[in-house]
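Common to both upcoming complexes is subunit A, partnered first by subunit B, then by subunit C.
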Partner chain A sequence: MDLKLFLCQIKAGIFLWFSLYKRSPLLVSVLLLRPYLVLIALFAIEPSTNPLSIIRNVLISILVVSSIDILWDVASNALSLRFLGILPYIISAPSSPSLSLLLSYLPKYILESVLKALEFLPLLFVLNSAQSAGFLLILLLFSLVGVLPLLGLSSLIAYTVLSSKEETVWLDWLAPLILLVSGALYPVSLLPPWLQLLSRLFPTTYLFEIIQLITENGASAQTLLGLAIMYLTTSILLNSILYLLVSKGESELLRRGIHL
Partner chain B sequence: MSTVIVSELRKKYVSRIRKGFLKYEVKVVEALRGVSFTARKGEVFGILGPNGAGKSTLVKILATLLLPDSGEARILGYDVVKERDEVRKRVGISMSVEKGFFYKLTARENLKYFGMLYGIEGPRLKTRVDEVLREVGLVKHADKMYEEMSLGMKARLSIARALLSDPEVLILDEPTLGLDPVSARRIRGLLLELAHKQGRTILLTTHNMFEAEILLDRVAILVDGKIIAIDSVDALKQSVADSVFVEVRLSGAPQESLKKVLSNFQDIRLSTHHRDGTVEKLTLVVPVKAADEALERIVHEFRSQGLKVRGVSVKEPTLEDVFITLTAHRSM
Partner chain C sequence: MRKIKPLIWLHAIRVRRYLLSILSGSVTDSIWMAVFLIGAYSSQGPTYAREVFWALAAWSIIANAGWMIGGWIDYLSELGLLEPLDFSGVSPVVAAASRSFVIAIPTGLSSLITLLISFQLGFNPLEISSPWLLALSLLILWTQATAYGAILASTVLLTSVPSALLDIAALAYLGLLLANYPAGNLQTFAFLPLLGPGYVARQCVSGNPPLGVFLAVTVTTIVLSLFAISYSRSVEKLVKKRAGYRAIALH
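What follows is the complex of A and B.
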């Protein structure tokens, strides 16, 4: 892949989403409202006025929203592009179709992640003014980078949906899976044993555990390192397998033809 | 010099049609059955065919949006399967005139986005966007939102996008579909300039025979996934020189009577049938050897059914006549 073209495509995406958001203030409002709604739901489940507990819920709500978004949005972005008749022009850009498709979405994710993290800054400041900058950094890191390993899975979902004639059925079927791997059904201990085992395969599980630890006093550096290693290992393993499947999905899509 | 070389392209679609909860029927459609042709530099080459003939499949393969089962296609020497990225850098595509852009962006913003997507950036991007907007005559509407543009403007914008990377080859799927006559004429003028003055190769599909006749340098007629004729429009007209085309104008003709007369003719076939107000215009194909007595016989047969013959004349075959004659020969 040509690095100049790669950067140019990222810029194209940022320009696109920035222009679209500029004209859709309502969309931005809804986008900013969602993490707060999850936070309210978490507070309703476990009411607590302890600042650290609230900060933990802020981190969890960002992670839940980001992981659901990343899993769902690559496919829904591809479907929107198809309905608008834009997909053929994105797929026919001079780079791999998978990459072009992903890069048409990724800048949206980056813009949204920054906005979602920044909207919690006032709350973090009120809760813990001394460490608010540190927590914002963690928040940005989690929302920007933390769930990126799910891109392989979300690309596969996108190809499955695009190759299917009954795409809405696929999205319905995949919804429980998305909820499972996104961490929305956590704590993991509430899941049946086989789902608990399955959840161990997904990097997001370890991110939730890291959040639990860093918002509790007395977390050892060794445990944190262990979880970080598990996060990286599952990310690499999962995405290596998914890369092969996505390549197959890309060939299958080009064999069947891209619906216009 | 050939810029597009297509050789023995084949493509089958296999689909599963749901027949019950877990029951499927496998359906195989042979969309292309060994298609071969070449298109030259600076030529407007058209692919003409009825619905389902395989035109879109062929265009998608050449635009690198679909993989063929077998055969080979090369554009400017690059294989559309093995050297996909090289082909994409050199080809501009327009697959639809009515959609394909972001509704909430202006014409200029849309072009800017696609320009960057294709690797154009910096001052060159701005220059190129301005150039293509000027070329298609959209400078005045550059800051209009896509959703507010007329179909004619959308069609021109689609060609502007295809021109962004300054490609040597343009692949256009029905570039004037649904346009009013003025907009369609404007697009045709633009395409002729792009090919004949700027030396770009244009490969397009169309249903519009009138357009094909005045726009295309050469035509391939595609029927059931096979090319049944390929040549210039004039040469194709010559290929039906063994027939005489007779235009009959009738008024107040009931369909039943028309059908009855036509079924009485053994060696005379109906080519086209248009209604112009209350006048029915039929083009009949008569073999040259029977032409002498045919006019008299045609008038007699229609009159014997009580139909009012307003005029009979021998006419030059149009591309539509050629198309119908060739496809009819094939289906016989």
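What follows is the complex of A and C.
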């Protein structure tokens, strides 16, 4: 794919989402409210006023919302395009349909990730003024790149949903399942042994372990580096396998046609 | 009734046709319910976990009402079915709200799956002090949830905001319902729309709520239902005056 085409599609994506937000300012407020509501739910499960524990829950809230969004948005966007009758135009675009779907989604992901991180700025300063700037950077970084490795899975979900004759993203149960297996809400050690083994395959497991370590003040640089390497390795491996499956699914779908 | 019967028939057929979507929704709900139930059980023990189980069942009713009733307007809008419905004399809000009885399927299935998980964890959520009052409070909640779904469906028509808004209410509801509340103030809390019957259901698990709270939730249910009817009618009038329905972000 040439750079000009790539940039054109990103530009189209930016225009699409800015138009949507401009038309529905209420939607932006709702988007901003969601991580705070997850934070309240986490606080309801385990009430704690320790600043580091709250910061950990803030990070988890952002990543929980982002994981649900990333697994849901690409597929639900594909379904919307199918309902609106626009999908044939996407299919006939110069780049592959899967790439078009992802490139039109990426601007939304980046914009919402930055907003999600920034909305916690006041809370961070109230909690810990000395380290709040550092935590804000961590928040921005995690919000932007944390759940990106799930993009491959979201494409696969989109193709599975398009190839079925259903009206909803019927694989949406994967989001809470992945969060549970990755130890987003409870330690992985509480899970049965076979699930603990499965959790090692998900990059998100290492992501939540990194969060746990950096908010406990006891992380050595070596441990963090090891986890970061595992996060990158599993991300590359998982997405390579999923890329092959998505390519196969895409050709099959184009050959067979899409149900309405 | 002449108009309601075909709508109920329509939704019954759709349940069969889109069974995978219904089953998947039930699995999604039950995983979320299990996540919160395991947390409640491990942090505060079986008595609280029993209350949380019924609070989660109540949440499932609200979440599905938001998604199935309010969210259906998005679907109708994307398929361009709002105007044909209107031409045939059926209000889109009534068409969506008649989906209310379908809520029983994902709520029932997800509660059943979560019940099995509770048994695995080692506690029995069916050990309830006032089972009939609990059933009554959930029934009242279901009525309020239908009214709430109709209000959200009308709001989607009015504002063109996608049904993501509905998830917000369900999320807020979950946090507020799971949080501890002073049981002595139940009489006042019972007046809160949606939350009131949820708190009463929680109270029924380990105690016997005074009958006065049912009067409070009934009053709220009547007010909420009347508001839903009048709000949806005025929204539909306003939308028609405004030049018709708008698909999200396309105008």
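Throughout what follows, the second predicted complex is superposed on the first by the 237 of 260 C-alpha atoms of A that agree within 3 Å, B and C clash if a C-alpha of one lies under 4 Å from a C-alpha of the other, contacts with A are read in each partner's own complex, and residues count from 1 in each chain.
Operating definition for what follows: a contact is a pair of C-beta atoms (placed from the backbone, for glycine too) under 8 Å apart; a residue touches a chain by one contact, two chains touch by 3 or more.
If you're wondering where the values come from, they're calculated on a predicted model, not measured in any experiment.
Visitor: In the overlay, answer first, second, both or neither for which of subunit B and subunit C A:Arg255 touches.
Guide: first
Visitor: Please work out whether A:Leu213 is in contact with subunit B alone, subunit C alone, both, or neither, and reply first, second, both or neither.
Guide: neither
Visitor: Examine A:Glu46 and indicate which partner it touches, taking first as subunit B and second as subunit C; both and neither are also allowed.
Guide: Second partner only, subunit C.
Visitor: Of the partners subunit B and subunit C, which touch A:Leu245 in the superposed model: first, second, both, neither?
Guide: The answer is neither, since A:Leu245 touches no partner chain.
Visitor: Which partner does A:Ser164 contact after superposing on A: first (subunit B), second (subunit C), both, neither?
Guide: Only subunit C; A:Ser164 stays clear of subunit B.
Visitor: Tell me the contact category for A:Phe15 with respect to subunit B and subunit C: first, second, both or neither.
Guide: first
Visitor: After the superposition on A, what does A:Lys4 contact: first (subunit B), second (subunit C), both or neither?
Guide: first
Visitor: Considering only the touch criterion stated at the top, classify A:Val30 as touching first (subunit B), second (subunit C), both, or neither.
Guide: Second partner only.
Visitor: Where on subunit A do the contacts with subunit B and the contacts with subunit C coincide?
Guide: In subunit A, positions 19-20, 23-24, 84 sit in both the subunit B and subunit C interfaces.
Visitor: For subunit B, which residues are in contact with subunit A within the complex?
Guide: Residues 13, 15, 56-57, 60, 63-67, 85, 88-89, 93, 95-96, 98-105, 109, 112-121, 161.
Visitor: Could you pull out which subunit C residues touch subunit A in their complex?
Guide: For this pair, the touching residues of subunit C are 18, 20-21, 23-25, 27-28, 31-32, 34-36, 38-40, 42-43, 75, 78-79, 159-162, 164-165, 167-168, 171-172, 174-176, 178-179, 247-249, 251.
Visitor: With touch defined as at the start, can you tell me which subunit A residues reach subunit B in the complex?
Guide: 2, 4-5, 8-9, 11-12, 15-16, 19-20, 23-24, 84-86, 88-95, 100, 104, 165, 251, 254-258, 260
Visitor: Please output the residues of subunit A touching subunit C within their complex, sorted ascending.
Guide: Touching subunit C from subunit A are residues 19-20, 23-24, 26-27, 30-31, 33-34, 37-38, 40-41, 43-46, 80, 83-84, 164, 166-168, 170-173, 175-177, 179-180, 185-186, 190.
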